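Heads up, the next two complexes both have chain A, just with different partners, chain B and then chain C.
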Partner chain A sequence: MTRTLLAPVRALGRGTRVFTLAVGSWGSLVVDAVRALRWVQIWAPLTLRQMTRIGVDSVPIALFIAAFTGIVLALQASYTFTGAIPLYFVGVLVGKTMMLELGPVLTGLALSGRVGANISAEIGTMRVTEQIDALETLAYPPVAYLVVPRVIAGTIMFPLVTALAIAMGIVAGWITAIQLLELSTPEFVNGLKLFFLPFDVTYALIKATSFGFVVTSIGCHFGFNTKGGAEGVGRSTTGAVVASSMVILVLDAFWAVLLL
Partner chain B sequence: MSEKRDALVGVVIIAALVVIAAGTLWLEGSSFSGERTEVAAVFHEVGQIKSGNPVKLRGVRIGRVQEVEVLADGSGVRVHFRIQDGIRLPEDAAVVLSPESFFGDWQAEIHPRTRFPHADFADPREAGELPGYALPDISQLTATADRISENLAELTDRVGIAFSDETARNIASLIGNVEEVTERLSDLVTQQAASFTDVTDDVRRATQGIGDAALEAQVALTRMNQLFAQAATGDALDDLVALAANLRILSEGLQDTNVTVQSMASRVDSAFTALDRVVERAESGEGSLGRLLADPTMAAGMEGTLAELQVLLQDIRENPRRYLRLSIF
Partner chain C sequence: MSIEIDGIHKAFGANQVLRGFSVEAREGETLVILGHSGSGKSVTIKHVVGLLQPDEGEVRVDGERVGGMDIEELFSLRRKVGFVFQFAALFDSMSVADNVAMGLRRMKEVSDEEREERVREALRVVDLVGFEDRAPSELSGGQRKRAGIARAIATRPGYLLYDEPTTGLDPITRAVVDRLINRMKDELGVTGIVITHDMESAFRVADRLAMLYEGKCRLEGTPDEFRNSEDPVVRAFIEGRPELMEEAE
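Up next, the complex of A and B:
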């Protein structure tokens, strides 16, 4: 009876302990990565390759998501803006929403599934096949070899991919507005410029940079802590995607509170 | 393979940077070419103007707001603008900030100051600065309209209180009285019109009589002329002199009679006045006559006295010796 009553309390305590350990372990990995920056000769040649895998290869999926997001935004805006609100506000809504929210967040979520899962699975497999242990045996710093290039590549490439995605979303919204809605290009551009602030772009890039850092670092963390065989790799991959997505949303709110 | 990968990464980075830089500059309204001139203006307050808002001259966009800063002494706001070079501003140029639409976007317009003679422009602090004035925001206008509506509501309430049922009845009664007065005035006017018609007829008749008299006088004068023209004029004049003397005597007699009549009328008047006083005293119950008229007991006493007097007279007639004794010796 007592065990049953205490079960939720125990679950809360266990969850807190696991969360704290995970955050601590992730923080420890980040600190190790910062320390590993001194091995430039190890991570620098690998960074470009990771930039290709994380950034360049992610551009098509990011543009695809952004394009359809822009189309939907334009259509939903025209559906909503009836009566008193002029239709050129479609440009306002598409531009502001893509820059401030949907561009960075949707790109981050999409790349957390693609990049985070990829990193976690790759490093997790190396962990369960003891390749990382082999690197350590050879006195080759695994963090400098596996983590630093990926985190640097993700931190650099996420904002660039996000910028392209934002531009694609706005272009898609513009094409939708002039093709499917009774809106001209000058009207859409007027709305786009109406409430634009340069800080909007800065805000989007700050968010995307933070998303790139957490997605890659969390993917590396889950991969480094993979245990067991193929099942463990799968579990780590799933955990990395879920954790990255949750952190992206938490960071989204955090930046909004802090910067807006 | 490595070179291709490097190129791909480079292309993505360059593309993203170009998109970020060019997009930001384009959306911000920056021009990629052309010289720019900086202009500053001072305002008491600037509404919702901010960096990047358009600057217009005669409705055409010629630049944008560069910076908004509060003056060090806090007495106003200085706004810096960047406008196209070579544009000649009006002689008495002033900057007016106003909402560009109903949705919170503002603009700065350069106008001749004389276009806003009643606007409270802030005085420039430094040479080259322009005076500035911010038009009221929609929210301020709405607040003013709200105050007006509140005042109207209060006024309506007061009218409602003042215009009670009793007031309505009084007004209805007043209208009825006015109608009655109007009817009476109408009747009076009708009567006066009839009287005026009569007077007019009288005047017409009098005029006719005067005209007839004038004709007769003319005939008489004509005859007199004929008489004067004849030889018997001297006799006629003598007769007329005698007639005039007689008439004078008669007139003097009538005048004396008139004086006598006036004197008699005066005496009659004073007699009537005295009689009026007596009657007035009698009516008010003063004096014997008044008491006799006003007091029924006195009248009864008088009647009793008269009855006794009649009995006494009757007794005297029947028995004179009882009261009179006549002896010669």
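Up next, the complex of A and C:
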């Protein structure tokens, strides 16, 4: 009787322990990565390639998502306003929402699928096939070789991709507004400018930078700790995507509380 | 220039793999380590380059304790030790030539021209000329294994650790690899540890042998001492007759 009652408590306790250990080992990987910065000649030549893979190659998917988000935002705004609010507020809503929330978060979530999964699968495969051990035997520090270039590339490229996504979303909203909503370009632009603060851009970029850091570092963490063959690689890939998506949403709320 | 493995214990969770294993590869000799599958041979040689740390005991290379080294000292140790992985462990994002060049890129004293020359030389030695631009995924198992050997010898290390270098090779290639191991020793004075299940190869390359059994050294000695051993565990292994062990129990 007491056993069955205690079971959920015990499960919760175990869950908390596993979670704390995971955060601890992610943290120590991050500390190792900071220490590994001293091997500039190892990570620097690899960083450009990762910036292409993580950033440039993610632009199409980010733009695709942003375009449709912009269209839907414009249509839903006009539907919601239904004459009660002047239609140029469509510009306000598209601009503000893309910048403050949907640009960074949707891009972050999409890239956690694309980039985070890719990183953890690649590093995880290297772990289970002993390629990481092989790096060590050839006198390479694996963290400098694998983790540092990816985390730097992600932290730099996520804000750039996000900026493009925001621009795309606004353009898509504008085209929708003038084509489908009987709004003129000056009206839409007025709406955009109405409540615009330069801080909105800073806020979006701070969020995107932090998302880039967590997606890549969590992907590396899951990859490095992969155990048990192909199945293990699958497990850590899923784990990386789930964990980084959750962290993105929590961080999103955190920045809102802290900065707004 | 010796490798001393001194009473090492190693467990993975509840799985106690090594229980005080001691063995020594003396300067300029080839030591063969024998043992059943899963007995901990690969685990043992990973301790030599600090990929694993023992729970107890220590490993010394050239008199230096591996456990006491900081990262820079470990790097300079690893530059002196070539490691041939059991499953090759080639970097699959790189061509064969780039794989072989990896260790050399970490050596400042090796110029670009010399690196290319050494890569060519290492691939020639393992008979992989013409495979420079192939991806590892385009190689057969035996070719991968030889590429792994080329990567380990390209840096001209003073020590070489071979984890089952001939498993899965045809008899001719096996003989070629055995000859290569002997050449590394005779011409370059390499101190080597070879893990193998293949008794023919073992006797072709060994100056001395050691048998790892239940986490400890069961017998360490010359090829003749092994051939003449009365120990049923040793005889069962080298003659491939499991019934000898059952009779002894």
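Rule of thumb we're sticking to: the second predicted complex is superposed on the first by the 258 of 260 C-alpha atoms of A that agree within 3 Å, B and C clash if a C-alpha of one lies under 4 Å from a C-alpha of the other, contacts with A are read in each partner's own complex, and residues count from 1 in each chain.
Definition applied: a residue touches a chain if its C-beta (ideal position, glycine included) is under 8 Å from a C-beta of that chain, and two chains touch if they have at least 3 such contacts.
What you see is a predicted model, and the numbers here were worked out from it, not measured in a lab.
K.L.:
Go through the superposed model and pick first if A:Phe19 touches only chain B, second if only chain C, both, or neither.
P.N.:
After superposing on A, A:Phe19 lies clear of both chain B and chain C.
K.L.:
Is A:Leu48 contacted by the first partner chain B, the second partner chain C, both or neither?
P.N.:
first
K.L.:
For A:Phe254, using the defined touch cut-off, is the partner it touches chain B, chain C, both, or neither? Pick first, second, both or neither.
P.N.:
In the superposed model, A:Phe254 contacts neither chain B nor chain C.
K.L.:
Return the chain, chain B or chain C, that is in touch with more residues of chain A.
P.N.:
It is B that touches the greater number of chain A residues.
K.L.:
Taking the superposition on A as described, I'd like to know which of chain B and chain C A:Glu130 touches: first, second, both or neither.
P.N.:
second
K.L.:
With the two structures laid over each other on chain A, which partner does A:Phe64 touch: chain B (first), chain C (second), both, or neither?
P.N.:
So A:Phe64 meets neither chain B nor chain C here.
K.L.:
Could you tell me if A:Ala139 is touching chain B, chain C, both of them or neither one (first, second, both, neither)?
P.N.:
Only chain C is touched by A:Ala139; chain B is not.
K.L.:
Once the shared chain is lined up, is A:Ala163 touching chain B (first), chain C (second), both, or neither of them?
P.N.:
So A:Ala163 only meets chain B here.
K.L.:
Contacts for A:Leu194 in the overlay, against chain B (first) and chain C (second): which applies, first, second, both or neither?
P.N.:
Only chain B; A:Leu194 stays clear of chain C.
K.L.:
From the superposed pair, tell me which chain A residues show up as contacts to chain B and also as contacts to chain C.
P.N.:
none
K.L.:
Which chain C residues qualify as touching chain A in the complex?
P.N.:
Touching chain A: residues 46, 49-51, 71, 75-76, 78-79, 81-83, 85, 87, 89-93, 102-103, 106, 151, 155 of chain C.
K.L.:
Inside the complex, what are the residues of chain B that reach chain A?
P.N.:
Residue positions touching the partner: 5-6, 8-9, 12-13, 15-17, 19-20, 23-24, 27-29, 50-52, 101, 103-105.
K.L.:
Give the list of chain A residues in touch with chain B in this complex.
P.N.:
Listed in rising order, the residues are 48-49, 51-52, 55-56, 59, 86, 89, 95, 157, 159-161, 163-164, 166-167, 192-198, 201, 205.
K.L.:
Flag every residue of chain A that touches chain C in the complex, lowest number first.
P.N.:
122, 125-126, 129-131, 133-141
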